Structure formats: structure tokens, C-alpha cells
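Each in C-alpha cells, the structures are laid out below.
Two complexes follow with chain A in common, the first pairing it with chain B and the second with chain C.
Entry: the complex of A and B
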């Protein structure tokens, strides 16, 4: 396929606005709902072309987002993704081809869109969002997220909330999209002003884990047998190998173990595909849902930057989408929580039993839908109650685990909870229930 | 009965295709994928031509069999600012050819074709539409040509989509064949649970009796592992003894019953309760209901096609008729046979699961025997596969029938009529949540340009055209009110006029322009509906969907 590398359109209009004829209808004409203060025409076009925008994730949503932003007139786009391309991405991540399998997603996606849409600059970073510091994030005007990990979302959310100071430019709108099968959601967050990812955490409650005793002694479902193979059999029989869920030999081994166990208990239904699904926690994903959610996110980004129409965030800030039974959207305002540990200024009330142990409290933080902290360290106003790192401190605070909470804190006392996955402290106010 | 003695399946990893399509096969399975791969789509690509191409992108990726793009346009500079499936090398070439090529690159398993001919020329040839299993048309299109395509779709039972994407607004209507039954609707797994607690059968009751014997004297372990289903049936039998054989039916009684179950729970343990009892308590309100068929199921039973099955009618109606007989005889639908997970010993759970499975098999056998006698009676040539009857029985509570309806083709000089939907549409006019006014805006837009891309509202004079468009839209509203024989209060009418005026302003502002984001979003919606129509899985839009990108809201209307 031949490509003209130099931006030399045959009729010499490469620098004219002819290419953006359609987009310019909206950039040069006001509408019945547009902001009366908008300076339509050149001023708006200038703003759009100078705004730096960051895309987090170059997967199913990310590919769509990059394409959409490039064709919305954005010129300076950055993209972060730590993954490489897998063959199972090809059914929806349309910037990748069979020959790209194994290459970094951010790099391939940036290259592709830059080649296709002349005049746009896309800067990839192949790595983790946590590699970058505040100065890096401060350079952007808007952040659009297409991630499948709730932890990464919480991290960028807390970072953007942390950036906000008296300067108006320090407030970077965060637009976040997510999908699962035929369902998805798009939302706009104005850090410190409107409901943030942390305020909305209970909408992303993790699936309840199957109790270990069920796996160990009374499995009933094929999934129980697979989890048993995954969590217990592997540890027992192959603990020197690191389980690689992308290694077919490893999955086959787990599948066979699970199948054998299922037969012992007369349980039917264990398949290779199910084994893979359970072990890798696979979420079904299709091109159409990604297209809908990504385009909704980019539509909001475009409206925020150009003021061509009102955007989500001012009032309604959340659009939920369901497409398995007809087409249904619900657009509403998710309210900011005053006691949000990230963007609120009040400590969140935490009801606990007076006789509960510190150990139970620590374990509870992983399961509570509104905290989901896997390795929490806890300090009270007066002292360190339990600190997981470094090992020396862990050892020193470990004896507290078996103590009753009433021996360690007062009713109404504030505790601070930290977790290595997040750079902030979550504040809670203890309230004894009995 | 147990599967313990069967040999394990042959071990083989997934095929290359299964790997590539893994994430979607988890939704529509191999059967849906096979249907997709059989399909051949026609895109009649008009206007600035983005929304149709974006739709195809979402269908080429999951592996649709073939697509054909009918597009006579030549690629212009402005196309490159809105269409991703073109680049500098496409300038001056056929747009159909260029988009076809770039789409084809997405998936080597798909066959792409293009026809760089005008739609008038193409459609005038006999049989030109015959090859396609589904047709997409993007506005603007000459209304008489749209009518011809619509007529073809009606006569040949081909699903047809008509799509608008203009500025921040979008619309599509889906015309399905008049009879569109769906078995595999993929209901929420929670809603498919049918435990038949109010109509237990003897084998189940025998098991309950055995498992609940001496409940009060059981040791802690056994007491905490009695499956909740057994607990509920046990306490129901107790309840019946004191209530003249009746089960708790009203809310108050169910509450009382729940308290009885709660009293049975032991809380003198470390956990302060028992998981199986908690599960039983939680299930009382939702499981103690008489299993009545939903209105969607009744609609199928009451359909003419179900009452008058024929020698050549689709299998669906034969099975539906057999299940309707089953329901008439038992006031039950066939048991789905699945059992939710619950706290229990493995062996108890498996026994219980097998009780449900065998009951489901017995129900299927009963339906199957009716199917066989119907086939014989009607002298049908081929007999329906047992697996089809089985799949139908398992989802009998969630089948759905959609009656496809033709969408409006707005033609100058012809009145737009609403038929049996007129009254509903009048109510929608003043409903905040409905986007019927946007739909009327699109009808007015079609009337304004008559399918001529050079004459769309706002090409030169956005304000002037908005005024004309608003008048047309108000005219459509006035005729709708007359047809429905209804009036709006003056204030209401004023609000409706003001709102439709704003919509017309926004439509004229677009001047026929597609915004890439809105076309990408609409392309996602349309592709999803195409997948439902082709796989006959999930429930499609019935029959018109609107998206307002100003407010980020959508609405579905039955027109």
C-alpha cells in the first residue's frame, strides 16, 4: 500500500481548513444550547489545537479513543499503556494486526493513528502510569481513561485530585470509560468539584470471593474446582514455577487438575475455555460496546475543550449504558461524597464491633466495596496499629492484630489507612456498634 | 445419573479462531459466530458516509462473512477529516473502493466488496438486492429509492436499518420482518432461576424429608450445611400444616414465614449465624411466587402463528405450540433445570442438582412428544432436532416475539401517519425522557432536502433553514395531534414548539456534517443491533433509537 509521507495534499489545501469542513460547522456556528460566551471560529479552533490530552490505556477503548480524538481535531495526544499485543485483542483493537502481536500497544497504536490522520502528534509511553510524577501529569489539560483495572483508575484519580490548587489550570477533567460485554459507562470527573472515582467505588464492587473452605472441602461448581487448582493445587505441586496465565501449558495443567477434581465430586462443566476465563478473570469484550463508550468519552472531551455544547460534569456526570435488551442509557448525577477519602474533607464513618479484633478490621478492608484495600496499614491518632512494610515494623505491630479494637482506639477516633497501591491515606472515623 | 463414569473429553487447546474471537464467543457462542460468518451485509453509503463505515468496522472485527459498500462518491479533502478508513492516497479515488480496502485490512477472514455506482442505477437492475442478508442505509437518500429498498426488505424478510448522524444528534430505525421470534434472549441469570418451590414434585419432597429429618438435633456442622432450598421446603411444609395446606402468598405472610425461618437459625456460634439460613431468608420474597408466564411469553402463546401452526411454519411455532399445551395442562413452563450455588455438602448439592436436571429432562420429553405428534398431524417433512426443543424449553420463560414494522419514509406531499402509535406518540411529546421531538426533527430534515445531499438544512444559511425546518416539524406535530384526535394545552404546545425549534436549530447548525464521535457511537449501536438481528440472540431495538449527544441521553421509540 503506497502512502504519501509528506503532508502534501494534491490541491495544496493541507494547511487550509478544507479538511475540517465538517468539524468547522460546529466550531464556527453557535447553537441553541452552546455557551453564549464561546468565541466561535478561530479562537475555539486555536484552543482545540493547542490542548494537550492524555489517553490512559491503548486497548479496546484506547484504540477507539485515539482515533476519535485525532478526528475531533486534537493535535497533541499522549498515550500510556504497559501491555503488549495478544492475539485475543484482534477482535476489537482495530489498530493492531496479526504481525503486531507481541509489540507494545501504546507504540503501535500511536504510529498507526499518526500515519492515518496527518497533522496529529501522538506520543506513546510504554509503561505504568505509576512511573510518572506530578510534573508529567500537570502538562495535560484533560485525561481520558480507557482502563480495565480499578486500581489504575483509583491511582490516576487520586493523582489528579492531588494536583488541584488555587490555579484554575490545575484542575484537569478526568473522563473515564469502562465496558463489560454489552454494558458500559462513561463519566466525567472534575477533580475536587464533582464525584470522583473513589466516591463511586461501591459501583465497582468486586465479585465476592468463594470461601477457601468451599474450595478445599465442598466444591459444588466447576468454577470451584478451577479455583482449587489455581489457588491450592498449583501451590502444592508446582510452587517453584511462577504461574503464567498466558502459558498454554500452565492453563492445560490447571484444566486437567480441575477436571480430575470435578470428576471426583461428580461435578460437570469444566472446560478449557472456562478454566482460562476463571484464572485470567476474563471479561467479555466486543468492538461495538467499546465504540459506544469511547465515543461518548471523546464527545465529552470535545465539548469540554470547545464549549460547543454543554458537557457532562455540570449537573449530570455519569452515563450508564446497557445494550443486551434493546438500547438503554441512564444519565444522572452521581453525588460527591463529603467523606470521600480522596476528594472529601470529612473522615468516613466506619462501624465496627467493640469486640472485633484488629485482624478482622484489616481483613475487612479488602472486602468492603467502598475501600477495597488489599494490604492496608493502619495508624490511629496516637500510634501505629498495624504497619505491613517494612518487615521490621510489621513484626513490631503484629501483636496488635489479636487485640480487641476497644483496647486500641476510642469511639469516634480517626484512623488513617494506607495501602502500597495508592499514594494517599484513607481517613476513617471509628464508630463502635456495641 | 452422575457423570463420574464418563470418559474425560479429549484434551485440545483452543483453535486459532477460538483464540482470536475468545472475548466475543463468551457472549454469543459458536452458534452466533457461525451465523455472523454466513451473513452478507449491504451498506448503501450516502452523505458524508462515516456512520455506515464505522458500523462496518464493528462488524468486520468480530468476523462478519461478507460486506458490500455501495458508494458512488469520490474521496475529497474533507472526507479525510472525518473518516478514519481513508488516507491521503485515497484522494480522488472511489470512496467505496478506498473504505472497502481499509476495512478489509481489519480482518483477513472477512470478504469485502464495493460497488462504485449510484444507488439509482444500482437499484434499477432486477434482483440487485437479492444477495444480501441485511441492508444498512445512511441518510440522505431519495425517498422513492428508500421506499423501494423498504419494499424489498418487507417482501424478502430482510432486516433493514435507516440511519442519520448529524452534528450532535443521531437516529436509526430498524425494520425487522413482521414475525421475529427470539429464543436465546440471554436473560440475567438471576431472573432465570425457577426452583418451583410452590410446586415441588415427589422426588424433591422425598429428598427434603430425608435431609431435614431431625433438623433441630443436628450437630453444628450438619445444621449449617442443609441446603437453603431444603430449609425453605421444610418450613413450607410446616407452614402448610398450620394454614390449611396453603402457602404464604401475600407480603405479610411471607414476612411471617421469613421470621419463622430466621428463628430456626442458630446464632450461638462464632459467626453469629449460619450462611445456609441467611441464604434461605434472603430467598423468601423472590422464590415464593407462583410461576406465571411473562407478558412476552403470553404474547407468543396468543399469537395467530402459535394457534394455527402449519405444515411449513418455522420450528419456533411448533415448539411454542407444544409448550403452550404443556402450560395449559400443568400451569407451568418447562423447568429450566439450573440450580444456583448454595452452601451445601458437595454430594447433597449434586444430588439436588440432578433432581432438577432430571425433572427438566422429563419436561423436555413431554414437550418433545407433543412436538412429534404435531409434526405427524401436520405431515411435516423434517423433524425438529431434539437439541432445538431442549434449548427452547430451557429458556421458555424468556422467549420474545417482536413484530417488525415499517419505518416512516418522509416524502413531500405525503402525510406522515402514525397508525396505532399515534396516541402513545402524543403522550411522548410532553414526556421529558422521550426523544420523539428529535425523531420529528429528523423527519423534517428528510422532507427539507428530499434526499439531496446538496440541499440539506444549514448548507449555507443555518438560521434561515432552521426556521423552515421548525415550521415543517410543527406541521408534523399538528398532523400527529389531528390523527390521534388529541389536543395539548396551550402552554404544553408552546413548550413542545420551543423544544422542537431548538432541535431544528441544532440540526441546521450541523449543515449535513457528521461529527466523528457521534458517528462512531451510532456505528457502535447499529453494529450491536446488526449482531442481534443476525445471531437471533439478545433483544433488538423495537424499532427506533435516538441519541442526543448534547445531553448524552438516548431513547427508544416504537414507531
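Entry: the complex of A and C
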């Protein structure tokens, strides 16, 4: 029998660092930009392998990020994603195969990378980031986001800002990648120290929308007809059905409505897949953009953990990339906003007597040297405690003034206070004294 | 270079000492709406009403124009604001069936800053000012109710009469409307 020489597997036990030989060139010796106080070699390798890193999103960016982190030497990776695999993901979400369609993305991605890179542990969670509490997020050292939703970004941002206390470990760098077609950005947020997602809200321009009247009266493009079917025809004719963009019957209905309208206005080009794209708000994802942005994010994670090079976030914190009009990147410092509702003012502990009334608390705010609020409005997440504007709301919340604080908020609950004299909101964590 | 963690520090186990880990925090959207509400100039022609005062993201706005063709009417709009505000604009619907070129029979409102021109720097006051303007200067060139728009364009006086008829609960061109007079 002929024998074929098989090369030693890169994961072979004999030379366990063989796979990491290029990485080791950075990890085992200092360089011109590396941190002078770091002991390169085993101590750094050990830190890299023990850091717990959370990846949010296992889609186009997430697949790249998981692969890159595993191949950068991270060993303890967690991943959250609420979606299941759709056949349309397979062209770029390369950790998934035809047979995986319908299975949770986080689970399949974790299995795939664990199989390919021996020794890495990937813990999947199939669900929403909002399912998890502060204790869950507190266990990580770094969070990397590859999300397509601003809302989810804002949520994790506020959560990480809220975790920061006096302990240095409570500061979890948030590395956020985003792509839209040929454009993308990677940024590093050091919660409470540098500009956060909320500070940067103006950078995420809302998707340009077509005026309603254009849709209603003078559609000019096939997309206008689909949008019309989506937001006008559906509500008029199928008001009682909740539109499910994953239901083929619903998409078919919209498609046929749009097609008919397009014919009336002599517009061509309405197709089923365009209908799906417009209704689900799909921007064509470009695999190369995902790869570039994910690579940048993972580079930052690696540099933060290993001190091998200065990282984004200390000074310059925002890198943008454009690939449709030649190739261009630009990196700059996005400044933290003083009046940012999330990172501008952190919650301070406020000791109050359990029997104190809300009215006493309101009066107290006028006297506090750090606030001196003359007309404060106060709320908790669940309740409008006392809101002074507009008049109708003041009237509705006035009866709360005579109530005891312990009837209105729980011990440890956060309240937010705004006042017309201040741009910024004040946050307090109520602590009852008995 | 900024150092995030001391390298010597051992990996810490999950710290369970922090109190209130599970408590919900006031969201950025709630904070922003609370601030926006304090900056509303409602004047004498507008009123807000909160069906659930604890939920400031959903409320009704009543406009009672004191001049223009819609004078004497009382128009109610629902505002629904989601947790992605101010990235997403508020959703505004007219709760009555009215005859207006920029408001369709389902209550949808065609106002640029509620859709294509919305920016996170705009606030709720900008929206209500725009809504008020709709009743002072209905705009026939951006129609949502085509019949009303053509009516306004071709015969302003006739349109005015039709507005009065519909506000009193009458019908125009076979369509009946809701009585909205004070």
C-alpha cells in the first residue's frame, strides 16, 4: 500500500506552540511600540489565554470576529446571538453550512470554531442580550460587538457604563464594529472614560426614508411601491394581522400588492426578493467590508490585552473605512459629550430615610450643593415619580409627593432627575437608611 | 499609554457583592423624552394627556387651532416613542378621521421631520410646532389625501367649506368624517 506523508497537524501536541509561531513573535519579545512595563513571554501568553471575551452577534461580522479571536490566541470566548441561520446567510457567514439552516447561529458558530481551533472554548448563548443581567456582563474583560442594530448597541453601551465602579476590573472596553455595504467603522469605547455609543448617536444617521406623500401619490421607484404596500396597504386591508417579515405568505401578499401598484404607475423592477429586502430593511452585506472591520476590531482586542502595541481608544478611538470610492480609512478622536445621558453623569448613591416622602426628596434636591435643582422631575425605570412638565403630567404625578419613598422605589433602584436649568440628567441609586 | 488593568491582577471571579445588579435602570430614551417634555411650548392651543402617567413614551396631544381654516376644531394625535428614540422618530397618528391634504383617512401624517428629515438633534417641540403648522398651512403639494389636496389646489374657498362640513361630522365626496368641533 502506498503511504502518504501526513504533515503534523498544527494542533499537534508535540509542538503545541507551532500554530502560534507568528503570534509568538509579538508575544514573546518587546517591540518599538510595546508597553515597557510588560513582561513578554509566558506571562502575556497566560493573560491572553485567560481573558474572558464576549462577542455579541454571530452574523456577518460575528463569524469573522469569532474566527479571528480564536486564531489570535484567545481561549475563553462567549457569543450571544438570537437568530437562527437562514439560507441567505450562507454566502458570507462562512461558519454555517446548508445543513445548519434553521439552527441557532451562536451554537453552530461556537461548534465550528471549537472544532477548527483546538483548545479554544466557545460558550454560546442563543437569545437576547437583554436576557442577561449585570452579573453576567461583569464576568468579561472585553466585549466585542458585531451588530446591525443601533438599539442593541445602545443597550449594551448603557449596561457597560453602568458597571463601572472604583474597581479597575469593572471597566470593560467595548469594541464596536459596524458595516453598511461598502462602508464600515471600528471603534473602541472605554466606558465612562471616552466617548460612548450614546455620545456618537449623531454618527449613526437614520436610514434615509422616502416621504409618505411620495409613497401615497407619486411613486417613482419599485422600492416606493413596496414601501407603500408595506406601510399603507397592509394597514388598510390587513390591520388585524401582525406583519411577520419571516412569513412567506405575508411577503407574497406585499409583493403582489406592490407589483400591481407598480404596473399602475408604469414602474418595472418589483421582485419577490426586492420585496423581502425592502420590508426587512436589508442592506446588501459585503463580505470584504465585514472582514476588514472585524479584523480591525480583533486587532484592538489583542492589543488591549497584550500591550504589544498602542490601541485605539486612548486618544484616537474611531476608525472609519470606505470601500466604494477607492479605498479610504480615517481615524480620529470622537469626543465624549459632557451632557451625554448615559456616560455624562454616573449614578451616585443617595442615602434616604425609608419613611421620607417624595416631597422631602424633591425639596432636598434644591439644597444639595452638587445639584441645586429648582424644578426637578424624577423617574425610575418603571414609574414617573414626579414630573413637573407638561402640566398634565405634573397633575397626574402630584399625588406621589405625599407617599413614602419606600412605597415608590426599591432599595438599590436607580432614579433619574432632570431639571430645566441643566442639560444633563442626574442619576442616583437609592439606599434606604433605617 | 493608558493601562486598563494591572497585569499582575489575577482574574477575578464574578463579583456578586454589588447590590441591585438586577434592577432596571432608567433608559436613555426615557431620559431624553423627560427632558424634551420639559421643553415643550404648548401655549394655549395644545394639551398633552398621558393615559398611563408612568409611561411617558406614549401620550396624546390635542391641538385646538385658534386661527386658520381648522379653527374651532379639537384634533387628537397619539405619540408612540420607542426605546430607540431619538435615533428613531416618534410615531404620530391622528386619532380622528379628518379631511386634510397631509393626513390620510387612516390618520397617517405626512410631515417631513416625522420621517425623511428626522434627526436625533430634533426634539419633540420641533414635532409639535410642525403639527401645529399643518393646521395653519395645509400643503397641497405634498398630499397624503389626494382628494383633499386637489380640492385645496383647485378651489380654496370650496375646500374651506368642505373642511367646515367635515369638522361638523358631515360627508364630502361620499366619505363621512368625524365630528371634531369643540
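Quick note on the criterion: the second predicted complex is superposed on the first by the 299 of 434 C-alpha atoms of A that agree within 3 Å, B and C clash if a C-alpha of one lies under 4 Å from a C-alpha of the other, contacts with A are read in each partner's own complex, and residues count from 1 in each chain.
We adopt the following convention: contacts are C-beta pairs under 8 Å (C-beta built on N, C-alpha and C of every residue); 3 or more make two chains touch, one makes a residue touch a chain.
What you are looking at is a predicted structure, and each value in this text was computed from that prediction instead of being measured.
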{"item": "Touched partner set for A:406, first chain B, second chain C, both or neither", "value": "neither"}
{"item": "Chain B versus chain C as contact partner of A:151, first or second or both or neither", "value": "second"}
{"item": "First, second, both or neither for A:291, with chain B first and chain C second", "value": "first"}
{"item": "First (chain B), second (chain C), both or neither touched by A:245", "value": "neither"}
{"item": "Contacts of A:84 with chain B and chain C, given as first, second, both or neither", "value": "neither"}
{"item": "First (chain B), second (chain C), both or neither touched by A:123", "value": "neither"}
{"item": "Partner chain(s) touched by A:173 [first = chain B, second = chain C, both, neither]", "value": "second"}
{"item": "First (chain B), second (chain C), both or neither touched by A:357", "value": "neither"}
{"item": "First, second, both or neither for A:26, with chain B first and chain C second", "value": "first"}
{"item": "Chain B and chain C contact sites that coincide on chain A, given as residue numbers", "value": "310"}
{"item": "Touching residues on chain A, where the partner in the complex is chain B", "value": "1-4, 7, 9-11, 13, 18-23, 25-26, 29-33, 64, 67-68, 71-72, 87-88, 90-92, 94, 97-98, 115-118, 181-182, 186, 218-221, 248, 251-252, 255-256, 259, 263-268, 272-273, 276-277, 282-292, 294-296, 298-300, 302, 309-310, 312, 316, 319, 323-329, 331"}
{"item": "Chain C-touching residues of chain A, taken from the complex the two chains share", "value": "35, 37-39, 43, 47, 50-52, 133-135, 138-139, 141, 150-151, 154, 158, 162, 165, 167-169, 171, 173, 190, 198, 201-202, 204-206, 208-213, 216-217, 231-232, 235-236, 304, 307, 310, 313-314, 341-342, 347, 377, 379-384, 387-393, 396-397, 410-416, 418, 420, 425, 427, 429"}
{"item": "Chain C residues within the chain A interface of the complex", "value": "1-7, 9, 11-12, 14-16, 18-28, 30-32, 34-35, 37-40, 42, 47-50, 53-56, 83-84, 86-89, 102, 104, 106, 108-110, 112, 115-116, 118-121, 142-144, 146, 149"}
{"item": "Chain A partner contacts - residues on chain B that touch it in the complex", "value": "2-4, 8, 11-14, 16, 18-27, 48, 54, 57-58, 61-63, 77-78, 80-84, 87-89, 91-92, 105-108, 167-168, 185-186, 225, 341-342, 344-347, 349-350, 458, 462, 501-502, 505-506, 509-511, 513-518, 520-521, 523-525, 527-529, 531, 538-542, 545, 549-554, 556"}
